[in-house]
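The same subunit A turns up in both complexes below, where it pairs with subunit B and then with subunit C.
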Partner chain A sequence: MTSNKNASANDSSAERFYEQTWDLQYKHALGRTVSRFLDGLAEGKIWGRRTTDGRVLVPARSYDDLTHEETGEWVEVANNGVIEMSTVVYEAFNGLPKPPYALAYVMLEGADTALVGYVKGLDLSVQSVAIEAVKIGRHVHVCFAKTPTGTAADYWFELEATS
Partner chain B sequence: MSTKQLGIAVIATASVEIHHETSKSLEEMIFETSKRALNSLGLSADDMDAFVLGGNDQIDGRIISIMPSTGPVGGVNHDTTMIASSSEHALIYGYLRIMAGQSKRVLVASWAKPSESVDPDRAELVAAEPYLLRAVGMNETISAALQASRFLNGNAVDADEKFVAWPLTRKDLPGRGDSVHVVILAQEGSFEVGSQFAWICDAGWSTSSYELGARDLADFESLKIACNQISQRNLDSAPENWNAVEIGASSEYAVRAIHEQLPLKADVVVNGTGSLSTQFTSPFVLGLSRMMRAIDAVKNASTPGEKYVAAGIGFNGFAGQGASVIVFSNIKDVDND
Partner chain C sequence: MINVGIIGFGQSHFQTKRTDVTFPELVKEGADLALADAGITIKDVDAVVYPLAPDALIGVGNGERWVIDALGATGKPFMRVNNGGATGMSAVLTAWTHVASGLFDVVLVAGADRVSESGSAQSVLNKMWDVGYERTVPLNTITMLALSAQRYMHLYDSDETDMALVTVKNRKHASLNPYAHLRTPITVEEVLASRTLAWPIKLGDACPASTGAAGVVLVSERYAQRNNLKPAWIRGIGQNSETYWMGARVGEKSQGDHADADALAHAFDVAYQQAGITDPVTQIDVAEIYAPFSSVELHVIEAAHLAEKGKSPEGLRNGKFTLGSSGPVVNPSGGTQCTNPIAVTGTIRVGEAANQVLGRAGAHQVPHARVAIASAIGGDHQFYSTMVLCSDLEEIS
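So, the complex of A and B:
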């Protein structure tokens, strides 16, 4: 923790602040299911898990929060799908990419839940063009990082050429 | 929850909403607002049976904030508990305490002081699950924008607008600022009938899946379940009978969609106290602040003998994962007599 007293030397009644930065680190256990999902990204595969009522959850989850049952069979879904919802972010949020950037939830073929990811390869310089490009219903495919990091940053979406 | 045996009323409220409070600590803001509510009744902390606190630790930077906040609300040496999920859940919990017969007077206090976070947007990222969503990046504004994209239905948005996150502009989003809200609830018999601000007629709440990709964000499933809970118990408090509703949603798009989707009267007043952007608030307290406005609507619009019903709606979680509805009226339900 670091701290810094910030006050006016001349006025003891001035507004004073106590600024702190906490450097806390966490080491989250991924569990086997999320681990395999992330391993799949390095192999160019998107894995889902089938629920007891037959739906395929993507990203793969070890349990289904709708039925409150464990998921079972691993299902590799297609690397292409359709945008279900989207946004183009124009204001900066610390900790997130420098704007503008596009984000979408995509229903991949064979999946019953949509996967979130960045939509890249777009010309975001013209607002109207960017917005049109990521509209709901656009067809996209998944791209994978050549050098996987073992995180969700290992995939993103790009528009299908015909979209 | 029906109030068939117990009449429960709001007997005092106090709020402060300010863009950026730099001259007072959060604890001083909580103390002053709590004292104002108690003083308005001529009561002290010792007259309360219980204190329910609601705070958002990640934004305020006070982890397990019941510890520093018990003193400012008056909860030292009293029954004090804390709700971390949302401000409106704190109000519901206070209501349940009285319904359960555990308390006769409860002080509920909730707050958020995002100005104390040097980077509240970054602090919001901690709300995302750490494995996938946090790695991509998600916060209240982005999830609200994703949800809003579901409401467009092919309708064009002026592409020349200055978007925060398309399709949302600053005026579509709740304002941000520092706020403290205090509500004192009481069971009938522990206050002078006629002095109450509003009776609580009913309340419902529900939670949908955390996974945004597993929900249709255009369908307010949790809100509809919460409303159905009320309708099935108490038709007088159902949405069809609301005169006004104050909706603390993540964007004006969501407010409009809720207006369209709930079975409301044609002349219902929706967010009559002002748009989301005009309010100094924070996602954690937005719901309770709108419920305070619903209480005010009952208090101010009442004509003696004429029933007036106003509901407050609050959400918690990204893009309205959880929803809470509390229905207030100037007249206690007939069934409660």
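So, the complex of A and C:
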């Protein structure tokens, strides 16, 4: 009997698959600075921290990404500001919320860095209307959850009626 | 420092899925192709560097453990590198330091990716964002670049057609590259009519999730001389990083704007200075630059100083950066926009650039190319790698 290396049993087998799902649990410590920022949301306040050169970082960070120095004073910034960049998402991604939804980075009055959040209260069904509504420069205000969860989900943005 | 060159580059024919091999077998394909192209065997290799982006994309923890034998790295010094999208190029830069230090003469960089095995890639990538402040918002690599694209359009009075021109160019180039994943030419109208993912990014602006392997072999000048080899010489390298916080890239007091890639521009400046490049537009023949979405290529062309800020769309409209045009050709392989096996995408940029300066790029060869640049971007536009390659060690004038 002769053997043929090129025609082993394996070559004619249907290729098999192994399926798995990762279900991993974490409980992340958020530290004092982030915790205080989140506490502020329950009081309807957005807190930043002042850097040694006078900038106000929002959301509050304990150290400055530019200078590597610790930040100091807590600064309450305004609950209104301007959209610096935004997108409206129409594609569904596994494990992420069902579209459409609008996201924006907003420079709140008194802040030097922008805060990210959903822009809610919009009709996103017509794309051209939606992107015009959240274009750069639009004025928005921060809304707060009536029942705080202690997470960053406790705030979002809505358009100012006048903008 | 010791001069370092690239003597081998291998890559798969990229596609969406591969079911004929396991992941380690795919990695071995990259190693074998690179070694064969270099004309050496694993016995000639002094050390191995392995690029692998987030483990969760391949569904295995510490994936470097899984592939150690596939790389032939047992009994050799070994490092895994992860810098997000820049991983495949950061691994080459790591290998460069291995050789330039004089410690090793021959270093293999090889790896693979098969992003489509996870149906949850954007969910995995969402885990990049801060658990306290940003995770409750569904940011991902598409939305983060949609934000950048919107700012670019706003600052420079650009529009979605400008983005579409990038896709049209890259698909035309990819149709000439037998290894590319998306090889069907496309029109501006087709790109504009494709469905919106995260405005302004549409399906026609986006890279595919690619499966395949790639590798390069780096050698020292003394090894090249001893073995009569003609490598593509690495004449300059640069790296730079940018803040974690996207919200710190807007406003009057920010260091750079999320519309641009200023930190990448600095990394190019560093590499150009080493290589003696003083006028990129006239001195560079080819650019293999990492841009997973059409919008990214616009500001990377500008970061590489191949166009003024905000002016790359004008160049594209005038037919620049395309094969057959005068001046630097950008992504003649079709680039990341047509082939994105995340872990080795940066490796391919270097390999394609090396092939170009050696005149080995086939149907997408830029005629008489001598000087090429390569770059990669990782994280949220956060980790930048750059390189200048040349067919010789003479002055670049």
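Here is the rule we go by: the second predicted complex is superposed on the first by the 151 of 163 C-alpha atoms of A that agree within 3 Å, B and C clash if a C-alpha of one lies under 4 Å from a C-alpha of the other, contacts with A are read in each partner's own complex, and residues count from 1 in each chain.
Keep this in mind: contacts are C-beta pairs under 8 Å (C-beta built on N, C-alpha and C of every residue); 3 or more make two chains touch, one makes a residue touch a chain.
Owing to the predicted nature of the structure, the values given are computational and were not obtained by experimental measurement.
Q: So if we stack both complexes on subunit A, do subunit B and subunit C clash, or do they fit?
A: clash
Q: Which partner does A:Glu84 contact after superposing on A: first (subunit B), second (subunit C), both, neither?
A: both
Q: On the A-aligned overlay, A:Glu158 touches which partner chain: subunit B = first, subunit C = second, or both, or neither?
A: Once the two structures are laid over each other on A, A:Glu158 reaches no partner at all.
Q: When the two structures are overlaid on chain A, which partner does A:Asp39 contact: first (subunit B), second (subunit C), both, or neither?
A: After superposition on chain A, A:Asp39 lies in contact with neither partner.
Q: When the two structures are overlaid on chain A, which partner does A:His28 contact: first (subunit B), second (subunit C), both, or neither?
A: It touches subunit B and subunit C both.
Q: Which subunit A residues are contacted by subunit C in one complex and by subunit B in the other?
A: Residues 15, 17, 20, 28, 30, 34, 37, 57-59, 61, 65-66, 84-91, 93-97, 103, 105, 113-118, 127, 130-131, 136, 151-153 of subunit A touch both subunit B and subunit C.
Q: Using the touch definition up top, name the residues of subunit A that touch subunit C in the complex.
A: 15, 17, 20, 22, 28, 30-31, 34, 37-38, 55, 57-59, 61, 65-66, 84-91, 93-97, 101, 103, 105, 107, 112-118, 127, 130-131, 135-136, 151-153
Q: Please name which positions on subunit A make contact with subunit B in the complex.
A: Interface residues on subunit A, with respect to subunit B: 15, 17, 19-20, 26, 28, 30, 34, 37, 57-59, 61, 65-66, 84-91, 93-97, 103, 105, 113-118, 127-128, 130-132, 136, 151-153.
Q: Provide the residue numbers of subunit C that touch subunit A in the complex, in ascending order.
A: Going by the criterion above, the answer is residues 19-20, 56, 59, 119-120, 122-123, 126, 131-140, 142-143, 146-148, 150-151, 154, 195-201, 243-248, 250-255, 258.
Q: Under the definition above, what is the set of subunit B residues touching subunit A in their complex?
A: 22-23, 61, 118-119, 121-122, 125, 130-133, 135-139, 141-142, 145-150, 152, 157, 159-160, 162-168, 209-214, 217
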